[in-house]
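Letters A, B and C mark the chains as written, and numbering starts fresh at 1 in each.
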């Protein structure tokens, strides 16, 4: 009951915000929604498949380039937007088949390598526009109805967030989803109980890529251009920070994490941009915040912010395992 | 022919720097089971420190040593964050070292700005068999060789080195005989910082270093370490030298823009081959 | 020498040892019997200081060494290095006195510990524990997986050390016959609790102990 009310409240606020925010606040609101979409996937991948991807930005980039290239070549924007998650997911299926044989740190580095390779290629190939990227991407439109205002993009973005969260909820509640939960705890145990571990991991990987691809697709229409510089390695790390902060494997946690980090970084950026601050202040502050939040949460709130708060309210702390040197 | 020899020696020098980074990764991974994402950061810190210390008028030698020690200290601090807290899993530790790397960005930009910096190294060049070799390249190769020999002696011949190997070989048994495995892990991190620092000091005169150079360094270092399955220093050294030579040859003969892709692609292929071989072995044994 | 009072050790919410009290006097050799999962190795780990008690006390009147279950050698290091590392606490680096005790080890000194047979590995584990010049020795599963003649050889060395040098020994065993042969006194641990204790001869006659530990035991 409380959950339902809270959910409705969040939905109401989400729907009301675009009407009251000004354009610069709307920009933050849209970027927050896009980050949340990717983070839901990262959280699913880390929390349910127990895998760390340092290359989620690559799927974001694939989605953005896909939608941009298609719509620049006369394909209707809606088809471009639909293609963005599909292409990202297909790419994930292709690279994931060999990559998911790797575990832990190997997969983390392989996905990072994947992103570096893609960025480097995008910066060199002609049809992706090289380092300059692709410019003058048309506005998003469905038929003759054009999405032109920032408020309209905000609605589009948050519709995407809702879709991503709905899909994730259904995946988690499904039978394979419950099997996946076993996967995160012990891969060996899951495998020995007959769960097709490899296939489930691949599906989650592709799903997380699709979420990132969708976000990338919306981003390219909103921004109007894409370039390799829009997808630095740090963006992938940012999604991990958000997922970890919110609590891995929780749909709402990803939203909370994305919101908390976006607002925090935004606040620090405005602080860093105050007169009298050195020019490097905004960058330095956001690096420091990402880093400190990530370290503190991983070490001291391993379940993330949301479960930690919920846990504190409902019950006492479990005793830590006793083991000494 | 002389061009080939020049590329080969340049490549070996590049490979040596990669080898030092990778060597640090291997030392830390063997003892603690953690892959240290901040390994490239140590080289960046040492490189930036050298450029500042030399700029302040400190003599060569002293500046480099101080910079390497600063990197070792950074290694120790990274270790404290990554494994200082009990019951941190290796994957959590990896994420913590990732955080340390990003934190270092903030510190480095405040101290040194965000523009690449260089430092003077050994000037001049020598001619060997008709090939002109920069003296700095020879310095890189000889210092790396010395570092690896000392490392081998330390692990193979000294009691402390054997205790570190013991932690890698069987951490539970190490605790049984009374070795403080966490302290040894911190020592390994400091050693990793030292090796990364040497790489940074050697490389800065060859190619300028900025705060975000660490990504290239760590990815190349990891690629080399993967050759040795993150545990075998000699294979890692060979992998690093091959990688350095291959990249330099590619650049020298006109495929320069694709050298990173080649290195990363190779790394992924090696990892996948190793992973499939591992799973084949585990299937046979069950 | 070894004094355990009201010891409770738990892993998270699971209690591995539940109010265990036992003593081993200086120079005594005592057995601890129990089935798999009774908490024997937890007790060994706690005595060696590897696990922290949730409550109760453990006091050791001297230096204690552990021969852990499954030998737990350093497989990549030579036998000589394994022994040398055994002296980490005591500062003892020269294994000559261990070679006097266990001459077979001198022949194996240069071999890699990982390639040795089970019996040889157990001997290295024994020698490594002695390198710390212990006053008390906890042996976790001496006989597990070893041929009877190998076990007898190691047991002989253990008894000799106890008799001639006054080494205090707590022998944790599943093989009750071996334990009763070597030790005058024994404890029986089941599901984390001590269920009975007494003279070996009496315990061997106890029908419950006999059926549980001697009936099926292969000697």
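In this section, contacts are C-beta pairs under 8 Å (C-beta built on N, C-alpha and C of every residue); 3 or more make two chains touch, one makes a residue touch a chain.
Just so it is clear, the model here is predicted, and its values are computed rather than measured.
So which chain ends up in the middle if you average the CA atoms?
Minimum centroid-to-centroid distance belongs to B.
If I average the CA coordinates per chain, which chain comes out farthest from chain B?
So the chain farthest away from chain B turns out to be C.
How many angstrom lie between the CA centroids of chain A and chain C, rounded to a whole number?
One centre to the other, that is 53 Å.
Which whole number of Å gives the spacing of the CA centres of chain A and chain B?
The answer is 31 Å.
Approximately how many whole Å separate the CA-defined centres of chain B and chain C?
43
Two-or-more-chain contact residues of chain A, please, as numbers and ranges.
321, 323, 325
What parts of chain C, by residue number, touch at least two of the other chains?
50
I need the residues of chain B touching at least two other chains; which ones are they?
175, in rising order.
Enumerate the contact residues on chain B facing chain C in the complex.
Residues of chain B touching chain C: 159, 162-163, 165-166, 168-170, 172-179.
Note which residues of chain C are touching chain B in the complex, please.
For this pair, the touching residues of chain C are 48, 50, 66, 68, 72-77, 81, 84-86, 88-89, 93, 128, 132.
Could you pull out which chain A residues touch chain B in their complex?
Answer in residue numbers: 52, 54, 98-99, 101-106, 108-110, 112-114, 116-117, 120-121, 124, 233-234, 237, 240, 244, 280, 283-285, 287-288, 290-292, 294-295, 298-299, 302, 320-321, 323, 325.
For the complex, give me every residue of chain B touching chain A.
Touching chain A: residues 35, 81, 85-88, 90-92, 94-96, 98-103, 105-106, 109-110, 113-114, 175, 180-182, 215, 219, 222-223, 226, 257-258, 260-261, 264-265, 267-268, 271-272, 275-276, 279 of chain B.
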